Amino acid sequence: MTTLWILLCSLGILALGAGIAAITYKQHKTCSWISFATVFASTTGIIYCAAQVFINGPIKTAQPLFSLPGIGASLMITVDALSALFLVITSVICFCSTLYSIHYMSYYKGESLLRYYPFLLLFALGMMGVVCVSDMLFFFVFWEFMTLTSYVLVIYERNEEINLRAGFLYFLLTHIGLLCMFVAAFLLYARVGSFSFKEMQNAMGMLLTQNTALLHLVLTLFFIGFATKAAALPFGAWLPEAHPVAPSSISAILSGVMIKMGVYGILRVFVWMLPSSHAWYIWGGVIAIFGIISMVIGSLAALTQDDNKKLIAFSSIGQIGYILLAVGMGMSFLRVAPPLAAVAFLAALYHLVNDAALKALWFLNAGSIIYRIGTRDLNRMGGLGTLMPITATTGLIACLSVAGIPPLSSFTSKWLIFQSSLIGGIDMPIYLVFGVAAFFMSVVTLAYALKYMNATFLGKSHGEINRSLITEVPISMKIPQIILAVICLGLGVLPIMVLKVLYPALNSLLPFGYLPRFTALFGSGLTGINLSFAGGISGMWNPLWLIIAAGFCFGLGYLVFRFSSAGGSRVRVAETWYGGRKHAAGEVRYTSLSFYVPFKQYFAFRVKGIDFEGLYPKTLHLPRMTIPQWLRAVLDIDHWLYYPFASGFVRLSQWFSRVHVGIPQVYILWIIIGVIAAIIVLFTLPAG
Amino acid sequence: MLPILVFVVPVGFAVLVFALGRVHWIFREGLALLGLVVTFAISIAICGRVLGGELLTAWDRNLYVDGLSALMEVLGSGMGIIIVLYSIRYVTRHQLGMPLNPWRHTYFYGLQVLFLGMFNWTCATNSLIMMWVSMEATTLSVAFLVTFYWQRQSMEAGYKYLLLVSVGVTLALLGCVLVYAAAIPFLPGHNILLLTEIGKVTKLMPESVVLIACAMFVAGFGTKAGLIPFHAWLPDAHAEAPVPISALLSGIVIKIGAYALARTVTIFAPSYGAVVIFVAIMASVSMVIGIIMAWAQDDLKRLLAYHSVSQMGYVVEGLGLGTYLGIYGGLFHLVNHTIFKGLLFLCAGALMYATGSRRISELGAVTKKMPVTAFCFFVAAMSMGGLPPFNGFMSKITLFFALADRGLLWAAIISVIVSFLTLACLAHAAYKIFWSKPAITSNPEIVTKKVPFLMQVSMIVLALFCILLGVYPYLIYPMLDCATKCILRILGGA
Amino acid sequence: MVEDIGAGGDLIITLYLIHFAFSLLAAELRNLKWSIVAITIQSLFLTSILATFANIAANPSLYWWSLTSLITKVIIIPLLLLLYIRQLPTAETRPWLGTAPSVAAMFILVVIFYSFLHTNVEFIAPTLQAAVEPARSNLALSLTICALGLWVLLLRKDAAKAVIGLVLLENGVHLSLVTLAPTLPETTIIGIITNVIITVWLLLYLAGRIFQTLGTTDTATLSELKH
Amino acid sequence: MSYSHCQRGKDMTSAIGIGILNLFIALGLSPLFEGVARKLRATVHSRIGPPVIQPYYDLLKLLGKEDIRSSSNYLAGLAPWACFAVVATATLFVPIGTGEAPFGAFGDAILFIYIIALAAVALIVTAAASENPFALIGASREMMMHLAVEPVLAIALITAAINARSFGMGDMVNWYHFHGPSLSMITATIFLFLALQAQVGKLPFDIPEAEQEVMGGVLIEQSGPQYALLMWSMMTKQIIFVSLFCQIFIPWPRTGNLAWDILIHLAKVLVVVLIIGLIDVVNPRLRIDQAIKYYLLLVFFSLGSIAFAVIGA
């Protein structure tokens, strides 16, 4: 019970902090630090609760905190290991983002913090609420809460019209998705008359036996909703527009946590809620297909971007593709080969965690660049590595992590995905193709990661950049990046530990009896994985020994260096050599535009006047939030009601007051007339 | 004894002031204030005893103090104290470019005290004719206060005030005579004049006479109360009199009319339904036309004056209903109007003191310089607009209910609409004065003087009362209840 | 007013007629001094009417009434008027209506008003006694004189003339008291009359000040405060 | 498969020993093979050519030379070193002569591919960190070659893995060794051989370094010990790929004896290197887009090998 209270407190303090922040938004520092303190407190609380959950099993509210008996909805808090996992991700990343914001927000001069910190905290609260509740209606409530607050944060820079448009696209699509989910929920609700997850589960069971078509309709609607939020293409068209325009600290949360909520929803509904049936198989295939689409298009589109945040945004789509692929595989394999399924699910969760960490890191990194350079255009950067070494290092770590370079994070997850897809693909060849595609895309991932790296930190600086002015970002912006970088490294170096944490989450997700023993899957090693599906070990991966070996080889290299310096070799920094010519710095540059041109052209084509680059439309036509003329006319009450009325009234009153001619005799006349009138009225009025 | 003291004491003090006023300011301001404080103390004592449930009578029941009288007396003398407090700095130091004239200030304070005396007499007396006499006396005693500045406009205003009110009130005298004459056959000689007695025999009187008398009363006392169309003197007098006197006029003087109506017309209400409707009509007309005219005003004081016309409509409407709820609401609104309208006028005075202008178009964006005034103004404005949690809301809501209860839905609706219009008008004015840049920027720096402490104190006291009565109406409930019961008792006697 | 009334009736009727005539004169005379004289005489006859009623109705208190009115209305008010008239121009400022039309209109109006009242006096007569002669005609007359006063107040621009109109009005009311409320205590009468005196005095003082400031007694010019 | 199991993780000492042996062979003998290739080129050009151990001399000379860098970026100093270290690490995950890679118990084919990728990353970072536009052009090309070629290697290994039902190098080797030639493996072998040329960066696919166009591309700013390390790692890479090819896709003949196996292996490697050198000599350089097109086609066809593997052929 106490744990529950700690949880509730750490959620409540966010709301409180939002209130205080809203009051003190005028004082930049106070507001920022209060918000940070709030998030810090809640983060500690959440982590404690999560630990409790992982050790002592799920937290449940005995009786609903608040209930609408009329419609059978009640606010039940249930935090199982899966929720706990998401809670931890959310709180940690929000913590980093808030800490980052303290200095970062000074970049937005003209804007009011009132539209930032309160909404940031409420946004975090909303996301935590989404994973905590076990009632569909309140799930939607928090979901909408999350969406609206994030919408406000996305359009933080209200003055640029493009931002508003992107925000509107986000608003529109997510709400269409929400609508679909609402319809689906009501279809289920119609069966059981309650919104609680358990009842929904029963409703699905009923549909499974009675009306399969309806069940698939429901699942389709749910999938559309969650896929929209998870930004799985083609539903995720909002993401590449919304992420770049939001402040980087927000982009970090959006792509680090919020889109993962879609995955959470899919896991909840399609795995946890949907009873064991052939529907798993079918929908696993569907989800995997959408995953592969997002992966391919997202990665290839990221390759073509010259806006650093847009590049990262597309990369999130690609990584979401990996996660969905894994989830889909898991669902497909679940009934035929539980070990494969378990590995796939664990891979999905693992990749989710990795991607959360590294995307947050990457966006913060991009934010630091924007903070210093003031532009998002990769063509206008370059050569910052020498000026901002720490940022460059964190950037490098982010890039290598997303590319899945061992021993950094997301190698293990990708490795697991390949293993399960390729080995599982022997029986379901479609996944073999998917696995190869995933493999290919991971190379593409490496390509765009390096493009970011080269265009930002390496190469020659753009002519506009005044290198003498640019220094390392403030410490409060460095620390979150370092924290996240360390997390990325740790997630990669200790796969067994991470898997041991993810295992209970998966256990809480799957029906009983579907999850093999941990050691049966990953062997009994503490440092390395010996992956084995039922028959024989099919893969080994031991970061510790890799590091030892690499260290040894570095030692060899060091010896060579010693040898060379013993041989009288000295280091000297000289001018860049342009084949004998002299060029001013920044005059001769290899811009990000030129990277991989021949390769990109294979994925660029033109359909009906729309340019596709990397299989994705180059310029998405953003809708404008427009009100039809007649509606505007109707809504403009001032125009047709107030102004005429007021002016008419004033004219009337002026006309009336002209009666006061000022001559005493006239006033006496009034009195006399008044008396006569009074008498007449009195005698004409009905008595009694 | 108290009923006599309550008006004899101020008269005595007035005489003292007149006698010694020129010697030293102590004998003007000091004596006046002292006199009012004493009077206030007496009225409080009276009030206490009346609430105790006894009726104070003297001079063979020619003086008869019941809850209503007590209420009016407390209200009058209390308001008087605040106004004198305000005047001390406003009138004495704020010369409007005139040489300091001890005689003038002497009679300024002397007449105020005298007026209070007459007012208390009006409230204390029980004789129909004497009530008329004392009322005329109050009219006269205020006349030279209106013309205080002796400039063209002030004299004009004073002339109109004197002439119109005298004529109107003379009509009321006719009404009194008629009622008196009609009461002769049914009452023993020495009782004929007593309102309390007349109230008992209204049924027996010939209807035509009663109706004509009622018309006369409404015309006469309505002139005093500033009901449309007898209000012509009111805006001029309010606008041109010195600010404390404006507050006095719309705070107390016009309330005498309402009081007289409550005493005279109300006693016919139960037996003659036509009277009720007639009064409701008159009141509605007043509130509607008053608010309409207020919208056109650029002169702040004139605007407030028209608002007084409109607000008196509420008071009279409530009193005319003759039901408990109606009379209660009317009296409550009477008290509230005294407070918030007085406060508004004092705020206008502070503005004039600080900026030397009372034209809304010349004022603007003075909130920074005079926050207290702004605060008070808004409190009063919202109170008059009938916004919770201010006192105006309490009384207005009561009135609406009373009207609806009595079946006069149209009147209720009109009252609600007018209440909204009032709020809108005041919000408009307040916005122009306190926030927007002045429409006519004569000089960049509008605020030239600082509002003195005494003036601020008196304003703040009233503002506090606005809020206090709003959030804790029970503070005044017993007095109102007692007063209402008294009126109803007279009616019940009928 | 031709039908027969009881003892002393004719005397009263004559007094009424003279009183009424002088009221008309007071209203119509253009020279203020003369109209003051007229109003004085009118008040004198009011006093005499009071005395006569005291005699007829054998109501001694009415003697006191006549005495007070003699002192106040015949002596004090005219004195006040004359006192302040001295600072003012003796010639009255042009009224709204010229002399001839004014006289004609007033005469017609008065006659109609009087006859109307006299025929259905019951309508306003609160008691039966008030509906019989001479009270009947007295009531009609007094109200007519009130109307006359109002007429003067309405149509005369001159400040002093307005005062005279007010006095006429008060006299009318006073006259009505004789029959309506003969039992009215002396104190109230004194109170009423004191009020009248003070009103008159204040008005005259104001008129004087206004004349000093504006150089005219034309109250129609007092129309700066409008709208 | 069972064979490899009983051997895997048997004893750490043998693993480390073989590992050191691998390192010695790969690092120590790679210049020799390079020298042989040069000799071959010379003979084809009908020149005498440098002595076979000329590459050793080159390395020594470079190590003694001054290290001129064009950027103060610390990555510029770190990356070549990292490149060398990574390539050296990679040698521990390929079987050279043995039935099992020395560190086969700690990483499988996928890891190996990623490590090779990391080597490419190191090279690209080296190029980009030397803020030279030519170097960046080279880096871009290097990445593109990687994009195009890596899948072929991957697909070949995946084919083997599918056949062996395991990604362990040893498992693949042993499976093919015992199972004997199979259609899928042969197709994979052919495609991998076609990819080998680009993997080791020889004509017609030495596009990233193309001296005539971009003056050494990625290596333009490199000099002294850094250049030496890069050269050395490239030669080593060549040996690694060739021995991977020989060991997994041509695992015969094999005696149980370690020394013999290594000798046989080296012989096979020599042959393959000579073939590569021959192709290198007689071919002109392709344009990058031609190369990409060529390899993307290769990728699509090589999917066939997987298909064969799935149907068990």
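Residue numbering begins at 1 within each chain, and the chains themselves are lettered A, B, C and D in the order written.
By definition in this document, a residue touches a chain if its C-beta (ideal position, glycine included) is under 8 Å from a C-beta of that chain, and two chains touch if they have at least 3 such contacts.
Remember, predicted model here, so these are calculated numbers, not experimental data.
When chain centres are defined as mean Cα coordinates, D lies farthest from chain B.
For chain pairs A-B and A-D, the one joined by more C-beta pairs in contact is A-D. At the centre of the protein atoms shown, by the Cα-centroid criterion, sits A. Separation between the centroids of chain A and chain B, computed from CA atoms only, is 67 Å.
Rounded to a whole number, the gap between the C-alpha centres of chain A and chain D is 40 angstrom. With each centre defined as the average position of its C-alpha atoms, the distance from chain B to chain D rounds to 105 Å. Centroid to centroid, with C-alpha atoms defining each point, chain A and chain C lie 95 Å apart. Residues of chain A found to touch two or more other chains are 654, 657, 660, 662, 664, 668.
Multi-chain contact residues of chain C (touching two or more other chains) are listed as 150, 153, 162, 219, 222, 224-225, 227. The multi-chain contact residues of chain B, meaning those touching 2 or more other chains, are 159-160, 163, 167, 208, 212, 235-236, 296.
This structure has the following touching chain pairs: A-B, A-C, A-D, B-C.
The touching residues of chain A, when paired with chain D in their complex, are 382-383, 385-386, 389, 392, 396, 400, 403-406, 411, 415, 418-419, 422-423, 425-426, 429, 432-433, 435-436, 439-440, 443-444, 446-447, 450, 453-454, 457-460, 528, 535-542, 544-546, 549-550, 553-554, 556-558, 560-561, 563-565, 567-579, 588-590, 594-596, 598-599, 601-602.
Contact residues on chain A toward chain B in their complex (touch as defined above): 649-650, 652-654, 656-657, 660, 662, 664, 666-668, 670-671, 673-675, 678-679, 681-683, 685-688.
The touching residues of chain C, when paired with chain A in their complex, are 96, 150, 153-155, 157, 162, 219-220, 222-227. Residue ranges on chain C touching chain B, taken from their complex, read 123-127, 130, 146, 150, 153, 159, 162, 166, 169-170, 173, 176-177, 180-181, 183-185, 187-188, 191-192, 194-195, 198-199, 202-203, 206-207, 209-210, 213-214, 219, 222, 224-225, 227. Here chain D touches chain A in the complex through residues 1, 5, 19, 23, 27, 60, 63-75, 77, 81-82, 84-86, 88-89, 92, 103-108, 110-111, 114-115, 117-118, 121, 124-125, 128-134, 136-137, 139-140, 143-144, 146-148, 150-151, 154-155, 158, 161-162, 165-168, 215, 220-221, 224-225, 228-229, 288-289, 292, 296, 299, 303, 306-307, 310, going by the rule given at the top.
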